[in-house]
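Going by the order they are written in, the chains are A, B and C; count residues from 1 in each one.
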Amino acid sequence: MANTLRKSAKFAFSGVLSRVSIHNGHGRVSVSPCFSLQQRNSSTKAKVKVDLDSSTGVAVLGMESSPVNSLSLDFLTEFCISLEKLEMDKSCRGVIITSTLPKVFSAGLDIMEMYGKSPERCGEFWKAVQEMWLKVYGSDMVTIAAINGSSPAGGCLMALACDYRIMADNPRYSIGLNETQLGIVAPFWFKDTMINTVGNRTAEVALQLGLLYSAPDALKIGLVDQLVPQDQVLTAAQENMAKWLAIPDPARQITKSMMRKQTIDRLLSNRETDITNFVSFITKESIQRSLRMYLEMLKGRKA
Amino acid sequence: MANTLRKSAKFAFSGVLSRVSIHNGHGRVSVSPCFSLQQRNSSTKAKVKVDLDSSTGVAVLGMESSPVNSLSLDFLTEFCISLEKLEMDKSCRGVIITSTLPKVFSAGLDIMEMYGKSPERCGEFWKAVQEMWLKVYGSDMVTIAAINGSSPAGGCLMALACDYRIMADNPRYSIGLNETQLGIVAPFWFKDTMINTVGNRTAEVALQLGLLYSAPDALKIGLVDQLVPQDQVLTAAQENMAKWLAIPDPARQITKSMMRKQTIDRLLSNRETDITNFVSFITKESIQRSLRMYLEMLKGRKA
Amino acid sequence: MANTLRKSAKFAFSGVLSRVSIHNGHGRVSVSPCFSLQQRNSSTKAKVKVDLDSSTGVAVLGMESSPVNSLSLDFLTEFCISLEKLEMDKSCRGVIITSTLPKVFSAGLDIMEMYGKSPERCGEFWKAVQEMWLKVYGSDMVTIAAINGSSPAGGCLMALACDYRIMADNPRYSIGLNETQLGIVAPFWFKDTMINTVGNRTAEVALQLGLLYSAPDALKIGLVDQLVPQDQVLTAAQENMAKWLAIPDPARQITKSMMRKQTIDRLLSNRETDITNFVSFITKESIQRSLRMYLEMLKGRKA
């Protein structure tokens, strides 16, 4: 590690850029999204749809921020407010987080929140990412991810923060923390959540190589808990939820807190430093240059 | 976790009680024991039978506290004294912990030690539970659990504290830390022992859902190390013991201490707080009310 | 653990000695090497051969200290200098560690460095063992172990310190931290590296029993990552290296540091104590006596 800083001049999305140009040459860009580009919708349209069944105490939180549920500041704010409302609602005991869009659960952080933005705004955005994780990972409710599409990077983090993960049995859907593939680093609390889920050694390889796992491979390493046919993801989540709700809430909640408190406290104790680190990295000129090229590549794919 | 306290009014064995009434309606109570009800034997009868073979250096510690090896204060005291004697006996290098009773290894904590007892007595009881775990988990001897029957809750803890677990290959026998199913919480050192054995993610699900695993499933997740036919459990334990005794004691003991010291020290540093927490929880009026109902349910099953 | 010290008079290679005499009786000594006996070569011959391909950025570091790549002070010094040179060479991004000798990757620590040596010299030797681990485990380069032969004890540690392990698919080759089989204890940083690789429970059993795993068994528990036919070990390592080098170095390096820093810092903070412990153990008269007998046994095997 002694030499990491010495060599770090190479940093800054060099991997992305080289890969982009290579793959463009073949007329096909196979880089999986990590940062995603979101169409600018009118901001008045709701990005999260909540459906609470008071008879069962189970809410379905459907992400519907077209086209790929990018985690923008607006989206994250709405997501967290929705979750907080459910948390405060005594009639709600469990929430199923899913996507209402085809083929994607969430494509991860919205690149537009990081490109050409002021340090203050970048900090605000990163705080919202932290807040999303803190709210889901520490929820008193049972949280089940019904992963009905691909879920790279920040989307994977959101799924990992739930109590249970059910994924559509489709080998074309992938999930993983693929940050290093784009030349960036998943922060320590992404890493901690990954280790808590798949163990130290699997996390070590997955995070260094930025591996995206197909649904069947994700099941093998324990990144998800269960695969079901695409059209049964939500039903399976409801059935699984019933098992969790059969347990008295306080005993389950205290047990969950015992398991997760240390990991949560680690971010709470280092929240400001983590924001500072992110902002200082993302606002570097070299990174901004890389983001612009990545952005143009994404636009090129759409065209 | 922020809301755990807010909702905790729901606590107190509500899960047990609702399940009991439901299942009674079907003429069948399928709740697995966690707290168990022990017949009051004459206290003079020995509850632990120790058989030390000086030629091999291996003792068999047979639990024979009829009918289900409930962990009562008397039982735990006798168990710990027996273990301590073996620990001090230089001719003894290994101990096999097993049950002399049919179908059960140990049914866990004795409910009668927690119902209608003074705080002082409850504290004394909990200290004995801690002592049992400290003695087994930190033993210098090789400890092998010959699990020839079901082993929920405290019985599972005792097995987990051994160096190796061999279970009868009978799908009707189950093992697990099922505390949450009864609305109670396995304390942090139960949790730590479980994580050390099956890993963080499996422990997270198992403890929150209070899962009891059939013998084959217990093998799959590593909760036990080996399954053998019912009548070969003890023989297999003896054979396995020979492998451990082929290793020079000091090297094995220091290695064991390196692996377990941190977990043991954590309880040693928090022992009084852990007792206080238990006593304050168990002596609550609402909990005592629930215990009474649970007790009546258990009596009903016998009748 | 309370009694560990009480019984420790039994210590000192008693296990080795008894096993040696038993097995000699059968005309066959099956004790796997842990400490190994190295022929005294002329010290001028290089013990490490480095071959850096500047076009790929990948170096092959071949250990060629005949007959079994024992980790002597000379060998370790040369190994560390070679690695440091590669680390400083900006054209080198990855290193494949392998053996140029038949049937063995490395047989572990050289017993001659511990027998009849002054405390100062023993301390110098142990510091070199620490240095080897620190350099490999904390390398900024991608490190892949191409394990083309057996790799007990210190040889296993070196392989574990790499990012990835590819082993020849030969059931006669074994790998593991078998220290306790010889009556000695793998120090805490051996243990930490093992836990980080195979998890707590597997490490607990493996370290206490000093288990050596055949190549197929090593794959099953995750001690190695991949098996290939003997003659394809190096090719497979080169192919695997390409995957790691596809990731931008800085992102991979920072991620690796996040995963390993805590374990490395633990040795760095306790380095002197660890040396003192080793020297005080190895220079004991009883241990030296055991080493002499072990040495004579090894010489007997050669004759």
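Quick note on the criterion: a contact is a pair of C-beta atoms (placed from the backbone, for glycine too) under 8 Å apart; a residue touches a chain by one contact, two chains touch by 3 or more.
Keep in mind the model is a prediction, meaning the values are calculated, not measured.
*Asks:* Look at both sides of the chain A and chain C contact and report whether the same residue positions are involved, with over half shared, or different ones.
*Replies:* Different, since most residue numbers here occur in only one copy.
*Asks:* Rotation angle for the CA superposition of chain A on chain B, to the nearest 5°?
*Replies:* 120
*Asks:* Would you kindly tell me how far, in whole Å, the mean C-alpha position of chain C lies from that of chain A?
*Replies:* Each chain's C-alpha centroid was found; their separation is 39 Å.
*Asks:* Multi-chain contacts only, two chains or more: what residues does chain A have there?
*Replies:* 199
*Asks:* Residue numbers of chain A touching chain B in their complex, please.
*Replies:* Those in contact with chain B are residues 87-88, 90, 138, 140, 163-164, 195-199, 222, 225, 243-244, 246-261, 264.
*Asks:* Write out the stretch or stretches of chain A touching chain C in their complex.
*Replies:* Checking each residue of chain A against chain C gives 1-4, 7-8, 10-16, 19, 179-186, 188, 191, 199-201, 203-205, 207-210.
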